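There are two complexes below, and they share chain A, which is joined by chain B in the first and by chain C in the second.
Moving on to the complex of A and B:
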C-alpha cells in the first residue's frame, strides 16, 4: 500500500500557500476562482480533487518548471507532455470518478468527480 | 559455496571532517553528501598515520589496515582530496598501466547523467554549456575512459532537436563508445520510440541490454516506462525475465555493473525516488561477489552498500535538486550562479583486475 499521506499533505500545503498569496486586489464581490481549472505546480495537481457537473470541460495548466502529463488511470484520456504554460482540456460527459496521474512523475495524482 | 566477499569500507582520513562513513555488510541509510565549500586537502600516504583506523574484521577477515596494505602492495597510491564537500581521489599510479600489458586488466569509465538538453529555466539557463564543461573535464582525465555511461534524461522534452544537440555534443568526448539508458524525460509522447531509434539500436524491449567489457558484465535497465499511478520506477515482467536469463550463465565471480535511470533502491518514495519491483531484480544478483548499481534521476549523490551491492547516484550536468524532504517538491533547485558548477558533476569508476569492488568517485564541475 503506497504511502500517500505525506504527498497529499504537501500538496494541500502548496494549495493553501497559493490561496494565502492571492493578489490583494481580489476583493469580495469579484468573480470566484475558476472552478473547472486545475493548476499543476510543485509536482501537485491543485485542487487535487475537483467536482464538476456532467458536461464540464476541465482545463489543466502547467505552472511548474518541469513537464507533466495528465493521464487517466484507465487511459481513457491522456495529454501530451505539457511544458510550462501548456494546457490540456477534457470534457467530462458521463458521471463518475476519474482518477488520473502524471505519467512522468506517477506519485502526482488527482481526481475529477463528475456528478 | 559463496564466493569470497571483499567489500572495502570507504573511510575519510581527515581529522574533524566526517562527511559520512558507509560500513560494509550493514543496512544503512546513506549519509547525504552535502556540497558545502570545503578547502581542505589532505594527503595520506599509505604508510602514514594509522591512528584513526579501527580494526574491523567483520565479513571478510580483512580490516581497513589490511586493505590499505593490499592496495600498497598492488602498487596503487591514493591521493584523497575534499573539495566542495565532495571526496575525490586520484590514483597515483595510472590504472591503465596494467591494462596495457594485460587485456583483462583494469580499466576506467565515466558516468554522466541528467543532461536535460532543452531545459532553460532559472536553475540553469545554459545546460549545453555545463554539459560542455563536463565533457572538457572528461577529456582532461590523465587516461581516457574506455567508455561513457549516460544514465538518462538526455533531453528535457524528448524533441528531435534536443536529441540531435546531445548527440552532437557527445561527439566531442574522448572516449570509446557511449552507452545510454533512458530517463522519463526521454520517452515522452511516443513511448520511447525516438530514443530507441537513436540511442537503443541493439537493445531489447523498451531499451534494455547488456554487454561485457574486460571481464565485467554491464547491464542497462529501463525503469521509466509504463509507470503506474502513485507508483515509483518500474522494470516490468518482461525485463525481469530477460534479466534473470541474462545473468544465469555467469560465474559468481563476474563483476556486475547495473545502470538505470531511477534509483534501484528506495531513497525517498514520496518523490518517486525508488523502483517498485527492483527487489526482484536485485535477487538475481545475490550470488555475485561484486555488484555495483549506478543510477541518476535525483541530481545529487547518494550512496549505500547493502549485502554486497554498492548503490550510487550521480549528479546532473544540468541542475541540482533538493535533498529528500528539504523542499516542497523535487523540482529544479536554484542556487547562486557562482555555486552552480559545484553542484553539477560526473562520476569516474575504476575497475582494478581482481578487486571485488569498483572505485566510484564523484567530481563536480568546479575546481581542478
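Moving on to the complex of A and C:
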C-alpha cells in the first residue's frame, strides 16, 4: 500500500514538473528546427530543392545501399563516393542557385537555393 | 536525361558500354565459330577488332569510372557487394584483356621472341574466351548492382 502511494506521488511530481518545464522548453526553441539535411534514398535527393539562408551548412547523407556522390554542376563542391550512411557537408557562403547531381548516376539531380 | 536501358539510373554512356560489351562477347563467340569452320583470316580479323575495341572502351570509359567511383572505397569497403563485384570485374577484366592482347601479338605478329610465344594456341584461346565471358557476366552483375533499382 505504501509502495503504491509513493509511486503515485512520484508520478504526480513528475507530471507537475513536466507541465512547468514544458512551456520553458517551448520558449527556448523559439522556431521549429530548420532542415539542412538532404537524404539520398532510392536514387533520389530528398528534398530535391532546398532553400537555405547564406552561411548554412547543408549535409547530405546516403541512405541508399549503393554509393552516390554530390557534385555541383560548376564543380563548386564535390564529394567523394559516399557509402551507405556516409555524410558530406558544405557551407554555402554566397547567395545563388546551386544545381548538383550524382556523378555515378547523373539522372539524380538536386538544387540548393541560397538566399 | 533518359538512358538507353529503361529503369536504369546509369548515364547513357554506361548503358552504351554495357550493350557494346554484350555485343563484343557474342562477336567473340562468332569468331570462335569461324575458327571451327577453318576460316582463320576472318576469325583473326573478328577477334582482333573486338580486343582492340575493348581496349578503347576500357581506357576511355571503364578505367576513369573505376578510379572515380570504386577506387576510393577499396580496400576499406571491399566487403560490400557493389565494391567487390566491381573490383573482381575490373581485375579479371584487365587480365582477360591483357591475355587477349598477348594472344593477338603471339598469333598475329612476329613481334614476340620465340621463347615468349604460345605453344598450345587453341587451349589459351578457349581459356581466354571463357574468362572473357566470366568477366562479362560479372560486368552485367556490376551494372545491375550499381544502376538498377530493386524494390
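Simple rule for what comes next: the second predicted complex is superposed on the first by the 81 of 115 C-alpha atoms of A that agree within 3 Å, B and C clash if a C-alpha of one lies under 4 Å from a C-alpha of the other, contacts with A are read in each partner's own complex, and residues count from 1 in each chain.
We adopt the following convention: a contact is a pair of C-beta atoms (placed from the backbone, for glycine too) under 8 Å apart; a residue touches a chain by one contact, two chains touch by 3 or more.
Predicted model only: the values in this text are computed from it and were never measured.
Once the two complexes are overlaid on the shared chain, A:103 sits against chain B and chain C alike. In the superposition on chain A, contact of A:80 is made with both chain B and chain C. Judged by the touch definition given at the top, the superposed model places A:55 against neither chain B nor chain C. Look at A:95: by the touch rule set out above, it reaches neither chain B nor chain C. Set side by side, chain B and chain C differ in how many residues of chain A they touch, and the one touching more is B. The interface of chain A with chain B overlaps its interface with chain C at residues 42-43, 65-67, 69, 80-81, 83-84, 103-107.
Within the complex formed with chain C, the residues of chain A that make contact are 42-43, 65-67, 69, 80-81, 83-84, 103-108. Of all residues in chain C, only 1-3, 9-11, 68-70, 72-73, 77, 80, 82, 145-147, 149 touch chain A in the complex they form. Chain A contributes residues 2-4, 6-7, 10, 13-14, 42-44, 64-67, 69, 73, 80-81, 83-84, 99-101, 103-107, 109 to its touches with chain B in the complex. Put simply, chain B touches chain A in their complex at residues 121-123, 156-158, 184-185, 188-189, 227-232, 269-272, 328-332.
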